[in-house]
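Once you scroll down, you'll see the structures, which are given as structure tokens.
Both of the next two complexes hold chain A, though its partner changes from chain B to chain C.
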Partner chain A sequence: MSGADLWSLAPLIVPALAGTLVMLLGGFNANRRLHHGLAVGALAAALLCVGMAYGTAPRTVTPLLIIDSYALFFLTLIYAATGLLAMFARPYLAVREKDTDAFYALLLFAATGMGVLACSNHFAALFLGLEILTVSLYTLIGYLREDSRSLEAAAKYLVLAALSSSFLLFGIALVYAATGTLLLNPAFRAIADLAPQFGQQAEAAWALAGGIFLFVGFAFKLALVPFHMWSPDVYQGAPAPVTALIATGSKGAVLAVLLRAVGPVGLGEIGGAAGITVLAVLTMFGGNLLALLQDDLKRLLAYSSVAHLGYVMVALLAGGVAGAQAMTFYVLAYVLTTLGAFGVVTILSSESPCEADSLAAYRGIGWRRPWLAATLAVMILSLAGIPPTAGFLAKVAVLGAAIEAGRLGLAIAMALASGVAIYFYLRVIVVMYMQEEEDATEASSLPSSFANAVALLVLVALVIAIGLHPTPWFEAVRVAVATILPA
Partner chain B sequence: MSPQILTALIAVPLTGGGLAVILGRRSDDAARWVSLLAALLTVALAATLWFGFQETLPAAQGPVLEQRISWIPRYGIEFHLALDGLNLLFVILTACLGTVAVLISWREVTRAVGAHYLCIMATVAGIMGVFLAYDLFLFYFFWELMLVPMYFLIGVWGHERRIAAAIKFMIFTMVSGLLLLVAILTLYYAHGAATGNYTMDYTRLLGTQIGLSTARWIFLGFVAAFAVKLPLFPLHTWLPDAHTEAPTAGSILLAGLLLKTGGYGLIRFAVPLFPDAAASLATPLAVLGVIGIIYGAILAYSQRDLKRMVAYSSVSHMGFVMLAVAVWQITALQGAVMQMLAHGVATGAMFAIAGMIQERLHTRDFSELGGLWSKVPKLSAFALLFVLASVGLPGFGNFVGEFLILLGSFPVTPMLVAGGVLGIVLGTIAMLALMQRTFYGPSRNAAVIADLSPREVLALGILAVAAVVLGLLPQPFLRAAEPSLAGIISQSIPFNPADPEVGLDVLRTAAENTADFSLQPPSDPTGAEIAPASRVPVAESAVGLTGTNPGVTTESSPGSAHAIPASARAGNEETGS
Partner chain C sequence: MTAQVTSAAVSMTAAVPTSHVLAVAAILIAIGTFGVLLRRNLIFMLMALEVALNGAALAFIGAAARWGTADGQVFVLFIMVMAAAEVAVGLALILQIYRRASTLDADVLDTLQG
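Let's look at the complex of A and B:
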């Protein structure tokens, strides 16, 4: 490995080193502000390194990792999201009087793990990145040790994530046995070549079984129906900033590697399109129908993100360059929107040690806390796919890709599923604006922390800017996707 | 004239609403005045357009003013606004009713005044956009955009069961809107695959050649959205709830403007883009329209709530628009435009009156109303005027609209016209019952109430003048809309009736995939479930589309239609005299 390789890897090395530093510092110094500053600073530095790495991209560093503009696009998204939620986490942890060293160290490690996923070119890197991410998440989810729900969520996540990792690992072993390669693209291409010979060649059976195991592993991580059972409990029990991380960065990173692995080959080629179509439809309707029943905002958002992953699967099924672009654009919009929504949840949970997750906690905040409520309303409208927000254009892009690929049935299913979703998204707005509050507490219009107010403002501005003027964002997505899927 | 004026029609109300929120933090009156100012400025802009294009409108089949800016080039989407005689009329209606809505809610709303005016003005801006958009994506953008402020208007400032009504309204309109989006995208890709030109431009998408079975599906996607708004029986169930629970300004905007976007969408987009499909589905749509006319009138009669009654009468009146669209013949379409304008004015006024009564007596229930004439004579006189306008008394725009629709439809489908006439009679009974129950008879309420304030007289006066002008002097409006309608009709000739299955590969696959999802193939509209008697008009209306309508004088045949048929002219002059 040369010095230039190390420079290219800087976006991954910086957060890893900073995480270690915060962990070491924690032994001597319990200054929350310092840990927080280090974490946010490290992520900002990592973003800077991402910017510099554009100069040397694309560059394959060892067979494991590839730093191309596709990876850098997702690294930007992941680090920006992690940095913002590190900012949201500060008052949240302060009000709970928790030690912060381990939290920020784990957050940085999780960021590293997600970064490795986004850059991985090889099953080993994929598995490594995934484990760095999930091991950090086990601890982060259970970070509120006194809260039984937090512990329950951590235990649940531990069991299911370990199970899904073993699926993934077994799938990798089978694929390796069948194809003899661990490089992502060649392996999936080999599966695609072998799949039609099912029944004639033993390798074909292994390859298919391996592919199915791999997909089940991914489906667990992405919480596709029927592998979604863990997601509402974990979303509800985890501390709000960690929930935000699970919903945004970790999903984004897994989708990044999934698209890189499968996109150039096409799901249809691998022979799983029919099964995955059923899964996507189940996920869209399942997520949205179950969300109808929720009285807890975090659970509601959990089911809503289940459904959104279903929409992402529609884009993946559409395939081709248009499908990949639509999928990437959707992930961009979804991450920004979900981050904004959980940002508001985190800020409201930072005002008292109890979590602001039940919908009743939001009653009447439209008039009591106009700015926060307006932010949440914009995010909800974006999740519902109503103009002029990023979520709307993302939905149009996915529907368009599906129709262009001739999957009209899938597009109609998606349209109907998002029609179902309107009801529960509107419920949140009803609670905020249309129900009288029971006890009017003192009015304070802005979030407690100035930095967080700015962070939320930036997210709102981005969500609306993408909705009104998407061209630069489409262009960024086009450039990113072109490196894995030349037109 | 500068084309930026079209953007200004959208931007001015939006800016006014934004300012209302900002100033409203200081004082409620500032929010009111700034909204009124913005609304009046919008009226002034609309009036400038009306007088500025008096000369050019009758000659131009296409747009007289266009503005296009590249917006999302990746999808060939432009910010494309255009003005022709058809949408100019709706722009004027929107500007006027926006002003009335601002005036009406002056004293009614006391909570979060700034936000209330933002919602009104944003709805007005969205509706303006819907009427002006010439790009299908932009149209859809505004179509969805106008719903959000309306949802807040109903849900926040509405009456007792406002939340349920707001959610119902939103779900009906959003779900049908999503089908519209899928339909637009399907059309977009079909056109792009056939021509290599991926565009959302309305004028370029006209004449896209699509196989009949596919076109029928896409057409139904458009119709789903427009029929919910119109509303077409049996998709009307959101309407009584939404109209009843909305605050007065919300009811006015809903009844006066939002319903019109449905009719406008059918005339502008649904039929011209898919003439074959429209022709093949004309009979079921016409029958549903006439069912709506009769059903709405019957249900209106049996309501106990003043606003609900007016709401159901809207269902009845808008059924005529559906009938006219299904017949697709210039006299009927001119009637439809007149009907929409006149209904917007008269029903807007009826909701305003209902709101004033509610504000004074805190009830809309007929069992607590009655005998109001002696207490509030001015209000009652206005009510009588608008009730008479609603029932289609000669001298009001509604008469012109209904008459032209029936006249144009009669040669094509006499049976359905008979049904429509029956509906008019039933509707008259309902509206007279409304008058009787509210304003005549014994008073059931001892409260002493004030008559109209000058502001209220102004608001209702604007509408009264509009209703009478539409009735006595309809010719300028008919003349403005005529060339546009003729142009639309001439573009809507089926491209190849002999060989309807000129399919496109992309859509073939699309259709096959649809079948995979076990959606039933489109049931044949002329199939066995429709009685033979009603099948005759199908053929005839299809023929009407091809330009050899047997029942009307030849000069009105759509292909060469540049003038109102003589019979319609006569009708107008009779009205005018």
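Let's look at the complex of A and C:
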């Protein structure tokens, strides 16, 4: 490994080193502000390194990692999201007297794991990235260890994530036994070549079984119906900033590696199209229909993110360059929007040690906290796919890709599912702007922390800017996807 | 070095066909999965998870022997490290749950519902 290789790996090395540094500093320095500042600063530095790495991209560093503009696109998204999360987290943790070095160290390790996922070119890197992320998440979810809900969520996540990891690993082992390669694209190509010989060759059976185990593993991680059972409980029980991390960065990173592995080959070639189609339809309708029944905003957003992952699967099924671009654009819009929504939940949960998650707590906040409520409303409208927001254009892009690929049935299913979803999204907005019975008028309209106000403002601006003027963003997505799927 | 590995691989494949190794691995995965789904004691669930992970590791050993490469064997080391990390976090979590609930029954974890 040369010095130039190390330079191009800097976006991964910086958060890893910073995490270690925060952990070590925590041993003899209890300055919370320093730990927080280091975490945010390290993520900003990592973003700078991403910018510099564009100069040397694409570069394959050992067979494990590839730093190309596709990886750098997702690294930017992941680090920016994690950095904003670290900012939202501070008042939340401070009010619970849990603002310690461990949280920021774990957050940085989780960022490293997500970064490795986005860059991975080999099953070993995929596995390592996923486990760095998952083990950090176990601890982060159970971080409020005096709160039994947090512990319960952590235990549930641990059991199901570990089980899905063993499925994923068994799938990798079967694919490796059949094809003899652990590189992502060659392995999936080999599955596609072996699939037609099913019934004649033992290898073909191994490869197909491996493919199925791999997809079940991914489906667990992405919470596709019927592998979504963990997600509402974990979203509800985890501390709000950690829920945001699970919903945004970790989903984005897993989708990034999934698209890199499967996109160039095409799901149809591998022989998984029929199965994934069923999963996608179940996920879109299951997520949206179950969300109708929720009275808890975190659970509602959990089911909503289940449904959104279903839309992303539609883009994956559409395949080709258009499908890959639609998928990447959807992930961009989804991450920014979900982060904004959970940002508001986090800020509202930062005012007292109890979590602001039941919908009743949002009754009338449109009058008490107009700015926060307006932010949440914009994010909810974007999740519902109403113009002029990023969510609307992302849905249009996915529908367009599906129709172009001749998957008309899927496109219709997606449109119907989005129609159902509008009901519960609007319900949240209606609740927020309902007049309160006991006319309480506390006039504190701005979020308590100035940094958080700025962070939310940036997210709102981005969501609306992408919705109004999408050309530069589409261009960035096109450039990123071109490196894995040359047109 | 390569020749040694290859000859060892050939002798192992001659003794045990890869499909048998994979079948045993699949059985371990199944035992682990059913253990997690059917057991109600948190410690036993953690043990079942370890069985499932070992099934995956065994499959890697069989696959590595088939191709005579070290890649699969390196993967087994990764799996062992990851399993250790998972158990460390898992046991700490279970201890904390036991302190609060005075039981290891997974059915006490039912406060999160919608």
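One rule holds in what follows: the second predicted complex is superposed on the first by the 481 of 487 C-alpha atoms of A that agree within 3 Å, B and C clash if a C-alpha of one lies under 4 Å from a C-alpha of the other, contacts with A are read in each partner's own complex, and residues count from 1 in each chain.
Please note the rule applied: a residue touches a chain if its C-beta (ideal position, glycine included) is under 8 Å from a C-beta of that chain, and two chains touch if they have at least 3 such contacts.
Fair warning: this is a prediction, and the values are worked out from it, not measured in the lab.
**Student:** In the superposed arrangement, does A:419 touch chain B (first), chain C (second), both or neither?
**Tutor:** In the superposed model, A:419 contacts chain B only, not chain C.
**Student:** In the overlaid three-chain picture, which partner chain does A:45 touch, first (chain B) or second (chain C), both, or neither?
**Tutor:** Neither: A:45 stays clear of chain B and chain C.
**Student:** Once the shared chain is lined up, is A:433 touching chain B (first), chain C (second), both, or neither of them?
**Tutor:** first
**Student:** Which partner does A:131 reach: the first (chain B), the second (chain C), both, or neither?
**Tutor:** In the superposition, A:131 contacts chain C only.
**Student:** Would you check which partner chain A:410 touches, where first means chain B only, second means chain C only, and both and neither mean what they say?
**Tutor:** After superposing on A, A:410 lies in contact with chain B but is clear of chain C.
**Student:** Applying the touch criterion given at the start, work out whether A:154 contacts chain B, chain C, both or neither, answering first, second, both or neither.
**Tutor:** A:154: touches chain C, not chain B.
**Student:** Chain B touches which residues of chain A in the complex?
**Tutor:** For chain A paired with chain B, touching residues are 367, 381, 386-388, 392-393, 396, 399-400, 403-404, 406-413, 415-416, 418-419, 422-423, 426-427, 429-430, 433-435, 470-471, 474, 478.
**Student:** Could you pull out which chain B residues touch chain A in their complex?
**Tutor:** Residues 72-75, 112, 137, 141, 144-145, 147-148, 151-152, 155-156, 162-163, 166-167, 170-171, 174-175, 178-179, 181-182, 185-186, 188-189, 506, 509-517, 519.
**Student:** So in the complex, which bits of chain C are touching chain A?
**Tutor:** The contact residues of chain C facing chain A are 18-19, 22, 25-26, 29, 32-33, 36, 42, 45-46, 49, 52-53, 55-57, 59-60, 62-64, 66-67, 69, 71-72, 74-75, 78-79, 82, 85-86, 89-90, 93-94, 96-97, 100-101, 106, 109-114.
**Student:** Under the definition above, what is the set of chain A residues touching chain C in their complex?
**Tutor:** Interface residues on the chain A side: 123-124, 127-128, 131, 135, 138-139, 142, 145, 148-149, 151-156, 158-159, 162-163, 165-167, 169-170, 172-174, 176-177, 180, 182, 202, 206, 232-233, 236-237, 293-296, 299.
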